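In this document, chain identifiers A, B, C and D correspond to the written order of the chains, with residue numbering beginning at 1 in each.
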């Protein structure tokens, strides 16, 4: 804000610039999709900003009201396409809550395992593209290499590379075997080494720190009031993680893991660097959870017996409503489903974490420089498929 | 290609010149940095080291339409975005090529029935050269599409006269 | 504190129009009058025992007899959550063209409500009175109707963008092609009125709820296309 | 003075951390094997469970349309005429312009006749070329035709002319081809739910 006061548009001053309206996006390499931000610029300083979303509005909620509960599972994949497993998980838990069934124990452990793997993949994209946003190209290639290994692991059990449709109401689609789990632990060993390299490449990079520290400061109050969740909220110093505080799967209750919280390492709490660093540390925590899952996974069925018939006859939950929240890589994903006893819900509302995280952008940008806008957008790590649904 | 476009008869010289031009064009396709939805992530995977589109001379994604030859439309185009996609296409210089990546772009995909807001295939908006269905297509499938596009570019007639090409060129100039 | 405790606390706050707690639902909820909504939300946020710091979700649900708004709140201090509902009964013959239920906006209490309420206006046509920026958020400004209503008619065209499956591609249209939505409207049927106090934001003044005018008399003009 | 020290300090810090990053890259350059897949010549092994193009065992299919009902995007079109247990096929097509490869058409099948292969290359220039017909034959096969004629004749009370003699026919080739194809695909797919 100081900079803003320094260059106030005083018409009598020596250096006077007309206000410039600048469109960032929808086709812009660093808006992470089809976000459009309209910026009012005074020279290099942003004086006002308006987010314009809806360029990827794909009518998911209307579709949810017209297809059956099972058939909506692949559509949840396509909301947050970087974390399909977590979306499937949230939707399955919602349907299970409506139906009053619970997935078998083994299915719960498999769910936690694949959800954490997908969390790593999602954070890797955030890490790689954030590097590109700020002018570091190399991390992108490193991140995509590790992501490719995760894709291949998940492809082996689910059959698809990105949009898995693996976690379904009542359990998971396929069982996993020991050979696959060995591959996962081999990946974990490898990944921990790579993670150190990432830090050398980007985290400790002086230029990177200069471009992210003390930029885009999101205070705790602003984050809470705007409904920010996930790493964005944790970076502002709120120690809240649904996995620990409201464990929605059994493994999260039993596994040991830490909740990384922003510490203001390079100055201010809740700046871009904190958000980035929370994500980086979450990857390592996910590796910890994965290792414990592999160790403790119990034998048993991977799908609730009574649910197998859902493939032939549509699920018919009793009238009622359910709201389930899950900790996604981007924050708390919630599905609010209202059933009136039919084959499909009458309302299928999604609480998309990116939607709420993005709504804070208009409050972060004014007063910063244009180059920092890119850093701020990247640090929020939005997925437009989820913002617009 | 202005005045010379499709005006000369086919003979040894024009064939040879066309061959050289086609080889040049197909070996340096510059795609546009343009991501819409899920398929964009697989497109990024194609640019990354594992698949490395640069082996085909197409690994330099340009951030502006004015410098690019190829627009890969990766992801659902909806009513709000369609106008922008068309504008981006209009800003590209000839010769320009379009790859429709993913089921949504090829023909509506999963959103074809209940999607009140989605365009059922980007070929309703801009002329498409190669369709790559799949949801999302594997990176290999996209590269297969790009290889097919390379073949198509290599066969293009720049100097030789060919009736259909001239007609389609005129059509795309006329209304876009 | 569980939901019953929160409800008791809320009942003791002296706000009129707070209903009973429905404990038969999976997430127990309380129905409040629309007039009491802002007071209830402010109380839930500010009371130290409730301390609902975060508004998670604003949902409008169209049922046969009503449109029902659900507000999901949650507290990080006390690890509890609460659901507040407002019910807007459907008047006789209220379909999506003519009926826009109105509830007070809580955007002044929770910033998060801003976008959520805009989305509910956009998709379901619920008017949030006193909203700072009542524009559409997901759909384009020139969109007509509210797609999540059950009687929504699918449009074939938006401007000249074809939205139907078997539309002619844009580049194959003849030179004398005219967009279907530009057909002349029947006289006396204006587009939806802009909001009465014009907002200073860009693009304002398209389709936004107007309190006084019947907002959507002509809402179906461009729909059949 | 402090400002100047800061200035040069910044430069040296930037250079140092850049050199560190370059060190990582160099280490990779020297020690790690190349990871690029030379695509048209080599490709990743596709897992057996991969959800690629569909294949239909037409012999088994009973035209129950359960797969079409289970499809979230309505991309399966089935048309067949029933003559008792004999089916006269007109259409069993999958529209890959819509298909999202979600696998929901596989589990409902009561006779386990539709499968997903590991094929994924679908790129085409033709917008209509993305609708794949899964049928290997349409209409009635010769032996079905004969069986129907025999049944009709039997109904009419006539003697069937040397029914047993005409049984072996030329239809064997295509059916055997199909069986071999399916066996190969099943072997590739391993066990499937």
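Methods note: contacts are C-beta pairs under 8 Å (C-beta built on N, C-alpha and C of every residue); 3 or more make two chains touch, one makes a residue touch a chain.
Fair warning: this is a prediction, and the values are worked out from it, not measured in the lab.
Think of the whole protein's Cα atoms as having one middle point; the chain whose own Cα middle lies nearest to it is A. Among the other chains, C has the CA centre that is most remote from the centre of chain B. Here the CA centre of chain A is 26 Å from the CA centre of chain C.
Rounded to whole angstrom units, the spacing between the C-alpha centres of chain A and chain B is 31. In this assembly, the C-alpha centroid of chain B lies 40 Å from the C-alpha centroid of chain C.
In chain D, the residues that reach two or more other chains under the touch definition are 35, 44, 72, 100-101. Annotation for chain C: residues 139-140, 147 touch two or more other chains.
Residue positions of chain B with contacts to 2 or more other chains are 49-50, 80, 108, 110, 112-113, 116-118, 123, 135, 138. Taken as a graph of touching chains, this assembly fits none of the simple shapes: it is neither a line, a ring, a star nor a complete graph.
For chain C in complex with chain A, the touching residues are 25-27, 53-57, 59, 61-63, 70, 72, 76, 79, 83, 110-112, 114-115, 123, 136-140, 147-148, 201-203. Residue ranges of chain A in contact with chain B, taken from their complex: 26-29, 33-34, 54-59, 62-63, 66-67, 74-75, 78, 81-82, 125, 129, 140-141, 144-145, 147-148, 151, 161-163, 384-385. Residues of chain C that touch chain B in their complex: 139-140, 143, 147, 152, 154-155, 158-159, 161-165, 167-173, 175.
The touching residues of chain D, counted against chain B in their complex, run 35-40, 43-44, 72-74, 95-101, 120-127, 129-130.
Across the interface of their complex, chain D is touched by residues 67, 70-75, 136, 138, 145, 152, 155-160, 163, 165, 173-174, 197, 200-202, 204-207, 210, 311-312 of chain A.
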